């Protein structure tokens, strides 16, 4: 027993020696890295435990999570976020209930009306204006809604770009290329400040929706390109087969092309939504109090002036965790799809 | 006899000068099986694909099931033809994102507007005819080549076609799998299905076909009953081709 | 019939599209008249009356807005080009580490990539600026015989000075982009077949030499397109300069909008500047790509 | 201020909507900032409340829009907000139709731009700052003033521009700049939050007058009138010693004593003044009973016992040596 | 006789439980040619690749040209071995971005630090030996498979190796090209080069080899001189394999 244990330990160290201390160069690099990491982690640890003042985080937790949502109604966004989280967990490692699995997409889509209902209120819940939305709730809301709205727009753009009608093709190409050439912040700026100038007098769009609209305009151009890639990789024979079954143009697009293109583009699409999630932080520059914006607001409270390291570290962790959850979900989906086409 | 397919003087070039079809005329009567043979590039695929409008042609005329199509390629007529003519491809071309049953019911539901239950019942019946009803819920990727090709045949049959077109249905299959598919086709022929089959399977042609059409460089070299074609082909070119096939 | 249908469809789309644009422009002009903003560019030649901390060309606050914008464009270009170089260098190193034989290095670079890619760039920039560079308090002043001065004012190196704002942006952008470039490089290296590795190894050629002489030249064609799109992203991301107080084109636009209220005009100028920048980057990369292809007579 | 072309005023819109959309900064201690419970607080916020009380009759029916300096004017012009109560300096070009096209209510806080430096740096005046870096908020009058000040005395300097005050403070504290410049009130407010406020001094140089005032669309005379008199009512109430706690008492007194003409007019019992500016006649009562008078608002947010104490100085009533004065309510 | 390769009890698994090499021992003397045969997946490639350190192994020991390597896989020793052992792959693995001559001179210049002129002279000599000196300035893609494989052999020879390893050098070639390469290998054997060759070319094995090693499932089934192995193999497994080979 002990002997095999010792043997395997020796083997383990031999393996380490093999990969890490291969030669002088590698050894030096390895030692340097270990030194650097330990110095950095000692400092970080010291700071985390002794120097940092986490009051700025702890006493404002509801603000980070829900913005200025009325305290006695905060269970509503909380319910929404928790249901999203549970759904993620279920998607990742839930049991194999065939019916539920097959309709997972619909369940996911169902979180949107649920979110809207819980946040806006009405129908028994007291109505709450979008100005009260903030923090992580607003960040997630921006991400989810913009992703979902930009998907159909992206599909239409991709189809137009592939179309044989030269005008549609040109217009969507120009749209996609220009959108991809300009910085996101310029588009968001357009959404916040210039959209009102393009609307008829008296018509107003809420600024949260304006942000969503701007994100949608921007992201759909990227999504269109991903889907176009998917469309291009569908072999022509699929269209021939569909043709010979007598399906018409629109049926082919609906039943053959789009489902396959989406499936192929799925990894790229999830990357887009992870990017979108991070980029919602740009709204802080334009005055929305989403996660980063709320952080900056809290730093203006005289009680907490100058504690930005704590706030930034905390925010980085939150963003990182959510992104990681999204990335894991994406990888999981991708794997499922390659192993077995039966699901999703 | 009632002719199902009548083609007159079909001519087509992909690239200028080179004719993929050169003045091809043929007739297939109801319930008959026509086998098309010929060396690679002789225009077999092009010919068979003009019959359901997958290829246009430059000159000539086709009359399929009483619907006349000429070189203007009228979309609406072609759509009508496609609803009554089934086609099976060399590469199966199943839809990978749909289950086997969904592959088969897609056209009945969306083209013929049948009810889903009805379409599925008939789909299951076709699958059991092909001996693959146990795979109905699977996806194409999970099936072997022979099984996939039988699904493709079932899919073509789902619209209750009056004519079936086959473009080298067995050439992408492993040798062991070829017979599964040929047997299924044999059964169809026995049931009186009108079929045009591009194939190099001599055994199948001998047993099943009523006529063998031999093509070379886009031209019809000869059309003979199989017993004559295989024992005593009229043309030098055909004999040369048959010799090569035997060598394999 | 088919052609008619197509024409009809196009015509319809045409009408809808231009109708929509017409309505929007109509609204815009009504709104501009109503708000008394009007649409003109004459303000461009009035004195800017604000100072800029960094200006590669001479600039004073009595210069015109147009000149201020041009200075902003140059500032953008400066930070883009330098972070582009740094990011490529870093990204290549990390990409190598990720594919190399040292598993500790591989692990660390994988960690680096996930951390960097999964936190927002804006947050990273603010972190680098407020924590990283401004964190170099006065007591951390490093001075080496007047050749290299490092402080929270920035870095001074034998006459050249780089401000903290520039450096934070440079670091933030480079580090963020390097994580993406590393993945591009890794993808390129993996696209070279295993046989090539085995071939040079069996000739006794060392790993590092093999990488530079055999693998990289073959990976380049797969790397260049990915690299180009990362460079474009970098250029676009440079507009986040506004968060760390660097005067790039977007920040100067922001100030001008504030002073003049000319939001639409400034927005148009911003669009044009970025289309220009994009053209510059894609064309340069295209030239590089062609040079590489040219040197590969075999393909 | 220019005349309104179409007769619809935002004032009616606000009443119909029963909600006031008020643009604030949201990031300035003492003026408007977010409390941990999610509510906004500060002098600017209380001014919003006074407007809401006067126009709608309920000081809580407000939607606050945190705005960056860059977007505040467009937000007014496009009608995204009804009015702005966001440390905005009253200047000619902002007030004019040829400039930003706003119109300003009376000044609610008289400020002046100043400079704050570290005591240990030994800097005593503007001249000592030659060739030094100075942290400024971008796109503000502050930025222009500091430029004018240095240019007029031909001193070179480096402006480090940040998006909001918060960042200016951070830049200054971290030692990026030798000085930070902002309105003196904000300097004081910021300093009060420092760990060691005593180590920083605000220089005596006052670079500019910074009268901060609420603003609205220049083409909406009706709304502007209402706003103007709401602000005056706050000042006038302080002049007359009417406070939140004694307002009911004062109303009773006014009602019972017909001879107190000015007070009755002020409180809307006589004269129908409120209606002339599109408000209810008792708007003063609503305002004072919800926010208190100007002095109370000031004490609450900037007074000695507040988190950001700033001596009243110029912001005293004219009687006490300050500059606040209200025209008569006649 | 001087042994060039001595392997003792080599054992290796890629995945736990499945042994790619199972207790393999062998000896190759100077100037001898060993042919390795066996069904697909039997571990031939794995075996030959352990000899120049392209694969590690879990247990056992190798002594090549007097350099001992064990399972710790000492990089420095392996690097020494690689300079003295040449290898030719099934897929040629020429460097596509280098000209033929550059392919050959790369290792001499960078590993042995020879002068370029010297390396090129020797390279041209090797190319002319292989009969392809006229292609020196071309790029691999411009050559036929047989020519490419001869370049690969020349590249392996450029370091003047004392042992040559071949892993199915002809199996990626068109049938007409196979002999070009086998002839080149024959010449090498005649010149006294020590070689280990994985191949299924019975003719070559019969003519050239001194010993044939037959593997199955990672184990050495038998090692016999070719005349015995091909006429009268000792083991049932070998005979079954040879039967299958003949059928092809």
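As written, the chains take the letters A, B, C, D and E, and residue 1 is the first residue of each chain.
By our rule, contacts are C-beta pairs under 8 Å (C-beta built on N, C-alpha and C of every residue); 3 or more make two chains touch, one makes a residue touch a chain.
As the structure is a computational prediction, the values presented were derived from the model and not from experiment.
In the absence of chain E, the touching network of the other chains holds together as one piece. With respect to chain B, maximal separation of chain centres occurs for D (centres as means of Cα atoms). The angle of the rotation superposing chain B on chain E, based on CA atoms and rounded to the nearest 5, is 175 degrees.
Here the largest set of C-beta contact pairs joins the chains A-C. Inter-chain centre distance (chain A to chain E, centres taken as mean C-alpha positions): 52 Å. If you average the Cα atoms of chain D and of chain E, the two centres end up 87 Å apart.
The geometric centre of chain A is 40 Å away from that of chain D, both derived from CA atoms.
Multi-chain contact residues of chain D, defined as those touching 2 or more other chains: 74, 78, 163, 170. In chain B, there is no position where the chain touches two or more neighbouring chains simultaneously. Counting partner chains per residue, chain C shows two or more touched chains at residues 31, 34, 130, 242-243, 263.
On the side of chain A, the complex with chain B involves touching residues 237-238, 240-248, 251, 255-256, 259-260, 263, 340-342.
Per the touch definition, chain D reaches chain C in the complex via residues 5, 69-70, 73-74, 77-78, 97-101, 133, 138-140, 143-144, 147-148, 150-151, 157-163, 167, 170-171, 174-176, 218-219. For chain C in complex with chain A, the touching residues are 6, 9-10, 13-14, 17, 24, 27-28, 30-32, 34, 101-105, 108, 114-115, 117-124, 126-127, 130-131, 232, 236-240, 242-243, 250, 263-264, 267, 270-271, 274-275, 278. Remark: chain A residues 59-60, 62-63, 66-71, 129, 131-132, 134, 192-193, 196-197, 204, 207, 285-287, 289, 293-294, 296-303, 305-306, 308 touch chain D in the complex. By the touch criterion stated above, chain C contacts chain D in their complex at residues 31, 34-37, 49-53, 61, 130, 134-135, 137-138, 152-153, 163-165, 242-243, 245, 247, 251, 254-255, 257-259, 261, 263.
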